[in-house]
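Working notes, beginning with the structure itself.
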Amino acid sequence: MSGRPQQNSACLIVQGPDRPGLVAAVSALIARNGANISTLDQVSDNADGGNFFQRVVFQHPELTTALSKIEADLESTLTPLGMQWQLTDQSVPKRVAILASTSDHCLLELLWRHRRGEMNISIPMVISNHTNTAEDVRSFGIPFFHVPSQGPDKSEAEAQILELLRGKVDFIVLARYMQILSAEFLDEVGVPVINIHHSFLPAFIGAAPYRRAKERGVKLIGATSHYVTKDLDEGPIIEQDVTRVDHSMDAAALQIRGALVERAVLSRAVEWHAEDRVIRHGNQTIVFS
Amino acid sequence: MSGRPQQNSACLIVQGPDRPGLVAAVSALIARNGANISTLDQVSDNADGGNFFQRVVFQHPELTTALSKIEADLESTLTPLGMQWQLTDQSVPKRVAILASTSDHCLLELLWRHRRGEMNISIPMVISNHTNTAEDVRSFGIPFFHVPSQGPDKSEAEAQILELLRGKVDFIVLARYMQILSAEFLDEVGVPVINIHHSFLPAFIGAAPYRRAKERGVKLIGATSHYVTKDLDEGPIIEQDVTRVDHSMDAAALQIRGALVERAVLSRAVEWHAEDRVIRHGNQTIVFS
Amino acid sequence: MSGRPQQNSACLIVQGPDRPGLVAAVSALIARNGANISTLDQVSDNADGGNFFQRVVFQHPELTTALSKIEADLESTLTPLGMQWQLTDQSVPKRVAILASTSDHCLLELLWRHRRGEMNISIPMVISNHTNTAEDVRSFGIPFFHVPSQGPDKSEAEAQILELLRGKVDFIVLARYMQILSAEFLDEVGVPVINIHHSFLPAFIGAAPYRRAKERGVKLIGATSHYVTKDLDEGPIIEQDVTRVDHSMDAAALQIRGALVERAVLSRAVEWHAEDRVIRHGNQTIVFS
Amino acid sequence: MSGRPQQNSACLIVQGPDRPGLVAAVSALIARNGANISTLDQVSDNADGGNFFQRVVFQHPELTTALSKIEADLESTLTPLGMQWQLTDQSVPKRVAILASTSDHCLLELLWRHRRGEMNISIPMVISNHTNTAEDVRSFGIPFFHVPSQGPDKSEAEAQILELLRGKVDFIVLARYMQILSAEFLDEVGVPVINIHHSFLPAFIGAAPYRRAKERGVKLIGATSHYVTKDLDEGPIIEQDVTRVDHSMDAAALQIRGALVERAVLSRAVEWHAEDRVIRHGNQTIVFS
C-alpha cells in the first residue's frame, strides 16, 4: 500500500472470541456479496484465551451502493457470534485533527507527507496552543486554530477544542502537543487519540530526559507512539523506533536526533491507523503492517 | 512462533490465479474438516495479473488421522480451480542437509540454534568438502560427511552428495559452501536449495569484494539469502540485512562484520523456510514473516 | 555537535603521507598559538602506504584575529612535510547552493533542518530546472532561480548556473537534480558537489529501478550520498542507509519508502560535510562522524 | 581493527581535567620515545567542567623494551598535571573470566568469536553455578569450574570464585550469570565486571519482563551491556541495541529474539573493552568505537 485513497476498496476489521469457522463465515459473506479479497491477515491469540483478529481488504465494482447491504449482512452474521466488526470505505480518507504546541517537527512531517499523497487522510484543521506554526500550516492550505491554554484550569481550552472538533474528525494526533488532556475530554471526544513521546533504554521518567540520558551515557534514543488512555503515556503501543547516539553528542544534539525519530515513528503510526492496520486489544495492539 | 514443532498443527500454502471466492473456498474446506485456523495471511498481486498467495496455519485435534482426508478435499476443491497447494504437518520438523566448506560461522549458527530448539528442523547430515569442521559438527551429535571436490570436474563429488541426500532431506542449505552446483545437480536433487552471500551497496561482482568495498569506502555491508537457481546468485531473495561499517575498519574487520550479518540472514531464511513462510513466485518471494 | 555555528571555534583538517611526529607537530602548533583542542580524531591508513588523516577542532578566545597567524604557522610547519591542510572558522556557516528538479523531498528536508538551526550552513540560493518548488523555497526566505534545461545541449543551462554560483557558494548539493552535470561544469565550478541516489541490494543499473527491485523481491531499499566525480554515481561515498520493505508494497510504495531514506542520508551527508567531518582520499572518504 | 593481538602496538588512555597543551604534551612524549601514532581519538567535555579523554594507539619497533621508559615518561609528564593514564601492550590479549548460569547463548558467542580470533582476549576460565555448559566449554579447550550457589548466603560461593580468579584475570564478563554479586565481592575482585541484561521501551522492572512486554505489545526489544557497580543494573552503559518484534510472537519467541540481541551487544562490549576503547567517567562511558 502507499497510503492513497483506494477506489471501490473497503477494509473490514473483525475481532472477538475465537471459534471454529470464523474465517469461513467472513470470507463466504464477502464472496456472496460479490466482492473479492485482495489482502487478508488474521491471527488468533490462543495463549490469551483465544481472541481472534482479522483485517480484510476487499474490492467491489460498485462499492458505494453495496456497502449498506454488506453491513447488514455483517450485522446479522457476526454480531450473534459475539464478534465486533468495523467496515470502512478506503476511497474516503480518514479525517484527522492535529494538535500541536511550539515544536514543528512532527506537525510538518504529517503535513508534508499528506501533501505528497502518502497518507490516506484529510486534515480539516490544526489546533495549537501557540501561534508560531500558523503561517506554515496555512501555507499547506490547512485551517489553523489558536486555542491558548494557560493557567491550571484547562477546561475552557478543552471546551473550545471539543467545539472545533465536533463531528469533523475520525481521529486526533497529538504532534508534540504539550498539554495533558483530561479524562473528561477523552470521554467526550469519542475518537481515537494518537500520541508520540521520546523513549529511552532505560526509561527516564520526568523532567529533562535528554539531559539525564546524556548523564547516563545511553547509546540509543527512541520514540514510542501510542493510543492515549487515561493512564498518561501508558496506552497501547502502535510503533517504536530508535537511533544510535554517542558520547560526542551533547543534550541538544540528542534532542535533534530524537526529533527525527519522533516524526518518523508518529508518521508511521498515523499511516497505519489511517489504513485500519491497527487493532486495539486491551493494552496491546495488533499491527498488520 | 518460536520455531518448535507444533503438535496437531498444519500449514497450508495455496497459490495460483486470483479469482473471487478463493478465501471462502479454502476456509470453508478447513472448517468442514473440523479444523480451526490460528493464522492466515493472504495477499493478491493485482498489479501483476492477479496472483493469489495464501498461508494458513490450522489446528485439528487428531491431525495425523485427518490429514489424508483434508488432502483429498484440497485436491478435489483447489486443483480444478488451477491452484497449487501444499500441506505440511508442523509436528514433523523439515529435514535439512547443510553443505559447508572451511568457514564455520553460518554452519555453527544453524547447529546451535537447532540445538536450542529455535528452528523447526532436523539436521540428518552435514556435508563438507573440507574436514576442519568435522569435530564441531559431531559434538552436536550430527553425522558429518567429507566429500572432497578438487579439480575442474565436480561430477563425481556431486554424485556422492546426491547419493548421501537421496530420500533423506526436505531442503538443503549452502552455509558458505564454496562450490558451484551444476544445473544437473539442481535438477536431480529435487528439493529447494538456500544460499547466502555477501551484498554491498553498490554491488561488487567478482573477486575480493571486501577489499574492493574497502577501496570504495562503503558505509554498509550486507548479506542476501536466496533460493538457488541455475542463474548463480540470481535466485529469488528470501532475506537481506546490513550492518554499518566505517573507515577505521580494514578489509579483515569488514569480513568479520560481514560474517555476523551472513549468519543472521541465513538463519532467518532457514527459520522461515522451515515454517513454510516463504512462497516462491517467479523470481520473487512472498515472505509471511 | 548539533550543527550550529560555533563562536571562536575552528576546524583543521590535515592529510598526507604519514610520518612520526605529525600529531606532535600539529598539537604543538595549536598550543603555541594559544588555542585549546576540544576534539581530535586521527587515523593512519598503514595498509595503504601510510596516509595520515586528522581532524582537529580547537577554540581560541580571539579566533578571528588569530586566524592569519595560525595559517602562516601551518604553512611553514606542514607544507614542507608534504601535508595538505585546511582551516575553517566554525562561526561562519558554509554556503551551499541546492540544485533540484521536481521532487521536493530532499530539498524540503534541507530547508527545514536549516531553518531549525540543525546544520551549520547558509543557503544563498536554490536552482531548479522546474518551477513547482518555487513557492515553497521562497516561503523559507530563500532565493529561487529557475534555469530550464531542455534538449540535448546543456551548455547554456550550465553557463547560467555557473554565473549564479560564481563566488557565492562553498559547496553544492544535488537534491534529486535529474540532470547530468558535464565534466566541464565540474571543472569550472571548483567546489565539492554532493549527490544522492537510491541503492539496492543487489544493484539495479538503469531505468525503472524500483519496478525491477519489486520484480526481484528485494527486502531492503537504500540510498547512497557521494561526492560527484566525472564517473557518474561512482564518486567517494559519504553516507548510506537502508529501510526494510516487503512483498505487500507495490513499486509506488517502495518509492515512498525510498524517498524517506534518501532525504535522511543526504541530510546527514550535508551536515557532516558542513562540519568538515568528511575527508576525501582517492575514491574513499574518512568520515569522523 | 579486527580484534587480534597487535605486535609492537600499545594503547594509551589519558583522562582528567582539560587544560591547554595536553594533546601536544602527549604527542610530543610519544614522538620523543620513537613511537608513531596510528590512531588518536580525543574528546573534551566542556559542558561538564572540562574533562579530557584521549585514546592513542601507537607503534614502536621494539615496544617490549621501550615500555618501561615510556611509562616513566608518562608518570613524570602527566601525573603532575593531575591526569590519569593507563598504558597497555596490545600484543598481550586481556585475560577474561566468564561467569555463566544455565543459558548458553552469550557464553558460546564469546567462546566462538574468541576461537575465530575476533577478540583480543584470552579466556583462562569459565565459572558457572550450573554444570550444563561444562562439556561445551571444554570442547573449546577452556577450563570449566562449577561453583554452586544455593541458599541465601552467597559468601562461600563468592569466596571460591575470588580464589579461582585471584591474579588470573584482567576483567570479568557476566554472560547471563543469574546471581547478584555482593558489594564485598566487587570491592575485592578489583577488576572491571561487564554485565548484559535485556532492555525494553518502556522498561519493565522485575519479574517476567518478556511476558509483560508481550502484554504491553512492545514493538522493540533490546539489550544493554554495562559495567557492574553496587547499584544493580545501573552502572555505566557500554553498548545497547534492539530488534523489532510484532504481535505474532509469543513470549517464548520474544525471548529467542532477545537472546540474539543480548549476545551481539555483550560481544561488542567485550570486544571494545578488550581494545581499551571504553573510558569510564562517573556513570557514563566514552566509547571510541
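Note that the chains take the letters A, B, C and D in the order they are written out, and that residue 1 is the start of every chain.
In the analysis below, a residue touches a chain if its C-beta (ideal position, glycine included) is under 8 Å from a C-beta of that chain, and two chains touch if they have at least 3 such contacts.
Since this is a predicted model, take the numbers as computed values, not measurements.
The two sequence copies chain B and chain C touch through a face in which the numbers common to both exceed half of the numbers used overall. When each chain is reduced to the average of its Cα atoms, B sits farthest from chain C.
Contact tally for A-C versus A-D: the pair with more C-beta pairs in contact is A-D. Work out the mean CA point of chain A and of chain C, and you get 36 Å between them.
The centroid of the Cα atoms in chain A and the matching centroid in chain D are 41 Å apart. Across the assembly, chain C contributes residues 39, 43, 248, 250 that each touch 2 or more other chains.
The part of chain A that touches chain C in the complex is made up of residues 1-3, 39, 104-105, 108, 112, 116, 118, 136, 139, 248-250, 252-253, 256, 260, 264. On the chain D side of its complex with chain C, the touching residues are 18-24, 26-28, 30-31, 34-44, 46, 54.
Remark: chain A residues 43, 47, 199-203, 214-220, 222, 224, 236-242, 246-248, 250-251, 282-287, 289 touch chain D in the complex.
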